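Below is one structure; the comments refer to it alone.
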Amino acid sequence: MKPPVYLDHAATTPVDARVAARMTEVLTDPRWFGNSASDSHDYGEAAATLIEQARVQVANAVQADPREVVWTSGATESNNLAIWGVAQYYRDRGRHIITARTEHKAVLDPCRELERRGWSVTYLAPDRGGRLDPAQIKAALRADSVLVSVMHVNNEIGVIQDIAAIAAICTQHGAWLHVDAAQSVGKCALDFAACGADLMSLSAHKVYGPKGVGALLVSRSRAPTIQLAPLQSGGGQEGGMRAGTLATHQVVGMGAAFELAAVSWRADAERIAQLQQRLWRGLSAIGGVLRNGDPLHTVPHLLNVSFEGVEGESLLAAVRSEIAVSTGSACTSATAEPSYVLRALGRDERLSESSLRFGLGRTSCEADIDAAISVLEREVRRLRRIAGT
Amino acid sequence: MKPPVYLDHAATTPVDARVAARMTEVLTDPRWFGNSASDSHDYGEAAATLIEQARVQVANAVQADPREVVWTSGATESNNLAIWGVAQYYRDRGRHIITARTEHKAVLDPCRELERRGWSVTYLAPDRGGRLDPAQIKAALRADSVLVSVMHVNNEIGVIQDIAAIAAICTQHGAWLHVDAAQSVGKCALDFAACGADLMSLSAHKVYGPKGVGALLVSRSRAPTIQLAPLQSGGGQEGGMRAGTLATHQVVGMGAAFELAAVSWRADAERIAQLQQRLWRGLSAIGGVLRNGDPLHTVPHLLNVSFEGVEGESLLAAVRSEIAVSTGSACTSATAEPSYVLRALGRDERLSESSLRFGLGRTSCEADIDAAISVLEREVRRLRRIAGT
Amino acid sequence: MKYSELTRRYFESATRAGTLPDAFRGAAGQREQGTWVQFDVQINAAAIADARFLAFGCPHTLAVAAWLAETSVGTPLRRDMAESAAALRERFAVPVEKLGRLLIVEDAWRAALSAAIDSAAPDPMSGEGRVKDA
Amino acid sequence: MKYSELTRRYFESATRAGTLPDAFRGAAGQREQGTWVQFDVQINAAAIADARFLAFGCPHTLAVAAWLAETSVGTPLRRDMAESAAALRERFAVPVEKLGRLLIVEDAWRAALSAAIDSAAPDPMSGEGRVKDA
């Protein structure tokens, strides 16, 4: 049986063959297995050199200073480190945080936990297209606001927030700005230096790099520089901000993936924009298909649509042998909550549940798109007939 | 030039070729790149299957239940998760923690941080051989003691603590026991179920697996079962105890490495014990060489010795082109603190600094040992002559 | 979510999805709540001559409704389903959290059959629940 | 820690490590504190005829002491080192935190040379700091 067409690149991407080859080299070459913290011998120093090279690659890909890169195990950790790190370090300066309802769980969950511990959190509601108005941030800022956390590209709907405008407001007010940019690299322009964010979360596996490695960019351009309480300590790695033996092959993989993304993202994005258009044209022709998220401010890699008159779990069951996509019903059990992101955009429960997220990527081609359109056309019609809708 | 003989297996080990091959397969095979959290398609489910298989491998290697395995990014994270997790979850039950002065920094640093936040920590002093007397734990336990954290095998001197005896005391008293076993797997018998620990930290890269992946074992055998506040949340992976996209290739690598260790550790340990004896015989013949740590209770993989009459940094500089070892002067700058572990054993500053840790491993052979003895004989004599000692 | 072979088969084929003219109809649930089921049954003397279903819901709901419609044809009229909701849950390996959905299927079925039975005696052609034009 | 080529060379060769008979001796530092240096100088008229050093310390300490002993031979007697500690720090690329160690080298050197100079005038063979038997 033919494997399903993979259209879930926003969940994860296959590792680029060049990245995998480089990782394998590092994993197997006896010169590079040392612990980069071992400065008492060449094995350790060779590993440290590789890590510093990768740090430059990642920094260059996002216009950061290599010294601003703190390696982590992924964007989940980066988000937690940013939020906990600022909250704890500046606990005596203030305990108010501002974020948005459409943020990733790795931002929302730490915020909820901080609320339980006495912090206060404002969850801004985006407009129906998923965008925040920077004026909302301005209005929400209080004397005790220490942190604003707003994502760059939303992982469900692809909507891009105006980070530069938000950063200007935060700087003026003296609050730190954290940006979850896990979905940005390789999909749109990203300039850490220019955008004005103080902290930025990155992940390798969304950009054809390995799972289990990411970074938190910690700006050095503001004075005084931002400080963080570490999430994990003991060993002093990463300037005390993130202890733990660095995984050389992982970090090298992230560096290679980011370097490739920096080279190819523009061409990728143009090609993928055409695929996305083709997909949307095909799907909207089915009728009763609603697009989620403001199409004027989204990355081309994501298309999120709701299908009227079909039930979410059945929709997924009907198509999953042919296409691999993500659904608005996070889990397919009866207790599934429909996507909180779509709910925040004002979609009702049914339309939130009957949504599919198409994540296009480097491997996607026209044939994939046409296959997706054809199975959806067939199955949406069939389910609507069965549902009498 | 010949590369230095690697005798720093306690810092890290090369990835076993079979493990690396398996990881490369997972990294490159298009069936397995999915995000294991994606239950809406087969790519995700295939990855989840691999992860569950690896969970069984790790559990089997240490006599745990697969459901007790929580994947982490390494033992540093496992230690932090154990200590912060228990401290925060049981904060209302008590805020006293007991540990030892010879623990790894990834235990001591979180304890220090908890002290800053109002917890109280007892740091037990081991005897001159590096061993704790379980009676010390008993004496230190208070009504508000929630956690005891004692490592199994010490990473600097290889000394093994009597975990079962300590566990019995903790259970009786109703305090949780965390055991850092990062240095144990593949080196000595380790039985999570039998030893009575509630939490156990593991790391892959000390056992010929990849860097950047580890586990925290969380016992399910006590009632009520132990609970932890997560260090990083958002995504719900690992039963809510550790959020973040799982790195399939990493976890598979750890599973494979642990399976191999379970098969070969006994034979490895016997062979390595002979090498260790050979090394100690050769070094002690130099004269003025002191062994650190109780030789009756150590793993054979570690030999830690202090050289009288030579200065630590010069000793290292003199031998590092020929052997890769770790030194008691953690860093070779002027501000280096000599090993706190050796200091805790009562060694003076000079002897702590002039110590070398030999970490023997699967790749070690007699020629390596003889090379080490010969360079040390030559250089220790030379430095002593220069020092007039 | 994994579905049993049987669930998959009925979900995919969905034989007898649709409506019938001159049939008794029963429905339950609400699309807005996520599950809605409707049965049309044509009767012939004291037996079910034909049956159709419509369903908005999860694969289990669709499969069970499809199965009921298919297997009921030719069976005598009775208000209850041929098998209890609990038995159907086992037959289709439905997770226990979804029992409520099977009860909606049951309600729809009983409504259709009750309409048929209650109106069967005097004048089957004018009873409540009678579909004039489907 | 990376050492400069020069540091490495003098650390490894450590030419003139040792002691001299009938020499003036100066020492500074303490082994227990991590750094100890001793110089022996033999003089001939107003010049250094020969010099030896002993040192317990880091590679920089050993290298600088070795270099001083070597390059001083044939130079006129003076209390100061041929180069200041600061200049030596640059020459050997010694990290700034280690300046204190170079000052110990300097102290030892000055002690040896002072002994030589102070005893040179009247009766070089009976001055303080004179090594009778090395």
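By letter and in written order, the chains are A, B, C and D; residue numbering begins at 1 in each of them.
Assume contacts are C-beta pairs under 8 Å (C-beta built on N, C-alpha and C of every residue); 3 or more make two chains touch, one makes a residue touch a chain.
Here the structure is a predicted model, which means the values were calculated and not measured.
S.K.: Does excluding chain B break the complex into separate pieces, and if so which chains end up together?
M.R.: A, C | D
S.K.: Between chain C and chain D, what's the gap in Å when you average each chain's C-alpha atoms?
M.R.: Here the centre of chain D sits 103 Å away from the centre of chain C.
S.K.: How many Å are there between the centre of chain B and the centre of chain C, using C-alpha atoms for each centre?
M.R.: 62
S.K.: Roughly how many whole angstrom separate the Cα centroids of chain A and chain C?
M.R.: One centre to the other, that is 45 Å.
S.K.: Tell me, which residues of chain A touch at least two other chains?
M.R.: In chain A, residues 39, 332 touch at least two other chains, as defined above.
S.K.: Can you list every residue of chain D that touches 2 or more other chains, as numbers and ranges?
M.R.: Touching at least two other chains: 1.
S.K.: For the protein chains shown, what form does their contact graph take: line, ring, star, complete or other?
M.R.: Per interface graph, the chains form a line.
S.K.: With touch defined as at the top, which chains are paired up in contact here?
M.R.: Pairs flagged as touching, ordered by label: A-B, A-C, B-D.
S.K.: In the complex of these two chains, what residues of chain A are touching chain C?
M.R.: 309-311, 313-314, 317-318, 332-335, 348-350, 353, 382, 385-389
S.K.: Which residues of chain B touch chain A in their complex?
M.R.: Against chain A, chain B makes touches at 3-4, 6, 8, 11-15, 17, 20, 23-24, 27-28, 30-31, 33-35, 37-44, 73-74, 76-77, 79-81, 104-110, 113, 203, 205, 210-213, 229, 231-236, 243-250, 316, 320, 323-327, 331-332.
S.K.: Along chain D, where are the residues that touch chain B in the complex?
M.R.: 1, 3, 11-12, 14, 17-19, 31-32, 34-36, 38, 54-59, 62, 95, 97-98, 100-101
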